[in-house]
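In the two complexes below, chain A is the common chain; its partner is chain B in one and chain C in the other.
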Partner chain A sequence: MEIPYAVHPRPDTGIYNAKVGIWLFLASEVMLFGALFSAYVLLRVGAPAGEWPHGWLNVTLGTVNTLVLATSAITTLMAWVACKTRQFGKFKFFHGCTLLLALTFLCVKAYEYHDKWIHYEIHLTDGRIADGHLRARDAGSITIEGRYVTDEKDLYDLRAQKDIQTGEIKIPRSQIKQMENYGPWHNTYLALYFTLTGLHALHILGGSIVIGYLWGPGRKLWKTDPEHFTNRVEVSGLFWHFVDLVWIFLFPVLYLT
Partner chain B sequence: MSELKTAEPTQAPFAGKPGAHEHPVDFNSYLRRCVYVFVAVVCAVSLMLVASYLPAEHFNWAAKVAMILAIACTNAFVVAGFLMHLISEKKMIYTLLAFTVFFFTGLMGLTVWAMQDFPAGTTH
Partner chain C sequence: METIVHEFPPYRRHEPVHEPGAHGHHEDIGFGRKYVFSTDHKIIGIQYGFTALCFMLFGFFLMLMMRWQIAHPGSPIPVFGPILAKVLGQPAANGVMSPELYNSFGAMHGTIMVFLAIVPLAFAAFGNYVVPLMIGAPDMAFPRVNMASYQAYVLGGLVMLVSFFIPGGAAQAGWTSYSPLATSIPTEGQLFWIIGMVLLITSSLLGAVNFIATIIQLRAPGMTWMRLPFFVWAQFVTAFLLLLAFPPLEAAAVMQLMDNALHTSFFLPTGLAVGGQLAHISGGGSPLLWQHLFWFLGHPEVYVLILPGMGIVCEIIANNTRKPIWGYKSLVYSVLAIGFLSFIVWAHHMYLTGMGTKISAFFQATTMIISIPSVIILTCLFISLWGGSIRFNTPMLFALAFLPMFGIGGLTGLPLGFNASDVYLHDTYYVIAHFHYVVAPGTIFALFAGIYYWFPKMTGRKMNEFWGSVHFWGSLVFMNLVFMPMFAQGIKGMLRRMADGGANYSAARVPDAIGALPGTIMELHSWILWAAVALGIAQIPFILNLFWSINHGEKVGDNPWGSTTLEWQTPTPPPHGNFAEPPQIRRGPYEYSVPGHTTDFTPQNEPDQPGAPVLSPAH
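Let's look at the complex of A and B:
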């Protein structure tokens, strides 16, 4: 039995069923990310003045990723246009570009995560705090590239501090009272950062798998039913544009405000 | 083998303008449109960066956030409107999105409404 309206639009809605399906799914996704954004607002407004981190993320890398995702949104649309105009070679080129851009986005994000993973805040027994990136560790000491501060609040607003001097610091383990990296458990801001960007990165990964399938094994449908294949490309493209839309808000909220 | 029962073609509550978005696709005009959209996105990102670095003495945090979010909303409108074809979609999609906007507004509205109930000291 052939599933009706997989290719041609339903007369009552004017669109094929998969498109209704993806829009319903995207509506649910809006609510999912909306709930997380509202959690961000709630916790951000509830934070004491001067204690919310600023300048903890690399704005240059965030901007690069924004442009990478914007370019991938363009190549996704052009892949669909290529299918519509029956230019399969161009489809392969544009969808290949989308996959490469998605991979670039994930690599940049992985680099950012790694940067936070090796960034440590170390409370010493003399009351000082050493903050910086881990360079080496052995049985007796820990070496970081960073600086000392006396008050934890000095670590919150990095954008307000000009010319932060850093250097190599070797700390004997006997002087360490508490040591914690900048993972999601470090504070509320990082918990939100990892939750929001992690969920977004999972969406990028999921979208890449679908696009990769259409670019690879799924493309044999083109030979038998090009219109059906074009519809699949359109549906995957709508999802990809939604992922781009989410990043359009994540970037300013987490990196710039 | 029985066929799935579907609606009669004469009932068209969500179809919208007949033939809308069914015009032939032209590769070059789409490529041009994409270039315009990309330029708009680059401009929006640049404006957001400029707004975020505005001096704190002249622009307080709330004003800067409002400015940046307004630019982000414009950017999102361009992407959704032109890349997702929302400026020329079917009535069915608009109906669905109207419900989404309603619930999303409610979600954010309730969050803001509960401003006095926010937990304090949420940094750690």
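Let's look at the complex of A and C:
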């Protein structure tokens, strides 16, 4: 049995089934990320004055990733155009680029996550706070690349502080009162950062798997039903553009403000 | 004006349609493909229906155990007590329900009834079985997505069930899972609850996308929007509610998952103390945020529960009054209005959170406004009865009982919607009585009506009428005996969610306290308990009738109720692909008792008789 309008558009609505489906799915995705952004707004507005972090993320890397995704949006579109004009070689080239760009994005993201993971805030018994990236640890001491501050508030707004001097600090374990890395548990900002970008990265991963399937084993369909295949490329492309769009919101919200 | 006939299902030209009974090759695909991994919307509908009914029975059982504990706090549960003690161990030691077990049964009763019983039955089961038939489609738009939706639902249900048996037991923070309570209770049950919910939400989202796409894309030629049966409209709006309201809860579930598993503080405020100790958290979270996100789903969810029921009742009333439904367009516009408004009333569940009087005033206003379309729908259904020659068969009895029962549930909601009176009534048994009147004798009656009504299409046999009416009268009487006393208890100030049923606040315990619960109010507990037991017994005829009638019910033809809508114009049970020949729709859904027509119903796809008056011009 065949479902009507699975490939060809229905005359009165003008679209085929899967396209209706993906737009509806994207509507629900808008609500999902909408709720998360609302949570961001509510929690940020509710935070005590002066305690919201600024400048904790690397804007250069964020910009690079933004450009990577923007480029992948173009290659996705070109891949679809190639299908429409029945140039399968071009499709393979452009969607190969999309996959490489997606991989690049995820690698950069993983590097950023790792950077936060090894970043420690260490409260010392003498009341000072050591803050920096872990370089070495042994039985007796911890070595970080960072600095000392006297008040936790000095760690919040890094944009306001120019020329932060860092150096290698070796701390005996006996002096450590409490030590915590910059994971999602560290504070609300990082919780939001990891949750929002983590969920976004999962979307990137999901989109890559679909596009990878179409680029790899799924290409069999091209030989038998190129129009159906083109539809699949279009639908996966719509999803990809949405994921890119989410990043366009995430970047300023998390990196620039 | 001549309608352009689109090339409808192209497959029909290549593949001969099988006569009923001649589709023997379906037997070859094996039990697994046919019943477990089926992509046929009818099989999936029945799968959903059967699973959901099992969960409903289980949810009812949890409630019975709780009612015993409320009526006889601390005494062993008869019959089931020893079984619970054996299965669950310490929380049910000696057959006595501990407060922790009471809490987890309470939370799981709500969760199971809403997310695993009513929604899957009302939306997924009936929607799957009936909607494609009603619009003249061969199947859903995405059959494999449909299968995935059912599997995610089963998986979510299993996760919820398994959570009863882990150390600490199932979730205990109520079906609303308010933080920080949900994060503070020392059981992994909450983690299971969240993961189960994410699976159930996924299932609902897949279903919702599928339903909307099907209704938009697969309507048969001539099935214009204003010729859709009201049931399809109701399911259409319901699907939109699920599609747009569930994702915020999914986001909230992800954040609560982070709070539970990775110790973030999305919903945990600074300075939170658990068990007298300052919690080791970063703080800065907002408990109110959880409530906003939860009720952003929670309130549309109420309409997810009720709209399919209204749709079913509308079909059955039109069919059994043998006249067109009164105010079809008002019904359609009202259901659309409800769909829209249900997104802006959620915070009327939160008047006592201290969110501010201005916000309360706004949500009080929208709450009052949404009652208008609801009343329009109910009024249209009532007026439809006027002047009809009503057939009192079992589906009609349940449909008729739905009207006043839903009326009671709806009208008692008004004092809860006003924030002044809600301050007093909030979190009392009055609330429980109110929403149970909407969902239990309301929606569940509509669902029973639907089962009795569409059973002949699924099996070719009717369910027994006598036992049907026994089931109906038993359910009607005992439902009311269960829920009516709760209004009185709530007005006297009895709070919900108390494992001792309020004994600590009774006049017997604290005679001098102002507003202590009088003995008459406390005694109602025991009445409710036995009414609930009787309500359970009243379901036995239904269960037996359902299974017995599959093979032994009275044999009937394709259209036993003399109905106009398309699902009755198919072979019985409908074969794979549904229709014997492509349906061409020529008129609206409720052309009953058309003057000059030979029968008192004119099916939507019946060719016009030469010389007959045009039935529904130019829709």
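The definition used in the following text is that the second predicted complex is superposed on the first by the 257 of 257 C-alpha atoms of A that agree within 3 Å, B and C clash if a C-alpha of one lies under 4 Å from a C-alpha of the other, contacts with A are read in each partner's own complex, and residues count from 1 in each chain.
Rule of thumb we're sticking to: a contact is a pair of C-beta atoms (placed from the backbone, for glycine too) under 8 Å apart; a residue touches a chain by one contact, two chains touch by 3 or more.
Here the structure is a predicted model, which is why all the values come from computation and not from measurement.
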item	value
First, second, both or neither for A:245, with chain B first and chain C second	first
Which superposed partner A:183 touches (first chain B, second chain C, both, neither)	second
Touching partner for A:12 - first (chain B), second (chain C), both, neither	both
A:256 touches, of chain B and chain C: first, second, both or neither?	first
First (chain B), second (chain C), both or neither touched by A:41	first
Partner chain(s) touched by A:124 [first = chain B, second = chain C, both, neither]	neither
In the superposition, chain B vs chain C on chain A residues touched	B
Which of chain B and chain C A:4 touches, first, second, both or neither	both
First, second, both or neither for A:195, with chain B first and chain C second	second
Chain B versus chain C as contact partner of A:32, first or second or both or neither	second
Set of chain A residues, in rising order, touched by both chain B and chain C	1, 3-5, 10-13, 20, 24, 27, 31, 34-35, 38, 42-43, 46-48, 51, 187-188
Of chain A, residues touching chain B in the complex	1, 3-5, 10-15, 19-20, 23-24, 27, 30-31, 34-35, 37-38, 41-48, 51-52, 59, 63, 66-67, 70-71, 73-74, 77-78, 81-82, 84-85, 87, 90, 160, 187-189, 238, 241-242, 244-245, 248-249, 251-252, 256-257
Sites on chain B touched by chain A in the complex	1-4, 6-16, 18, 20, 25-27, 30-31, 34, 37-38, 41-42, 45, 48-49, 51-52, 56, 61, 64-65, 68-69, 71-72, 75-76, 79-80, 83-84, 90-93, 96-97, 99-100, 103-104, 107-108, 110-112, 114-115, 118-124
Touching residues (chain side chain C, partner chain A) in the complex	4, 6, 8-11, 15, 137-143, 145, 205, 208-210, 212-213, 216-218, 243-248, 250-252, 254-255, 258, 262-266, 281-282, 284-286, 289, 292-293, 296, 576-577
Residue numbers on chain A that touch chain C, as the complex places them	1-6, 10-13, 16-18, 20-21, 24-25, 27-29, 31-36, 38-39, 42-43, 46-48, 51, 183-188, 191, 194-195, 199
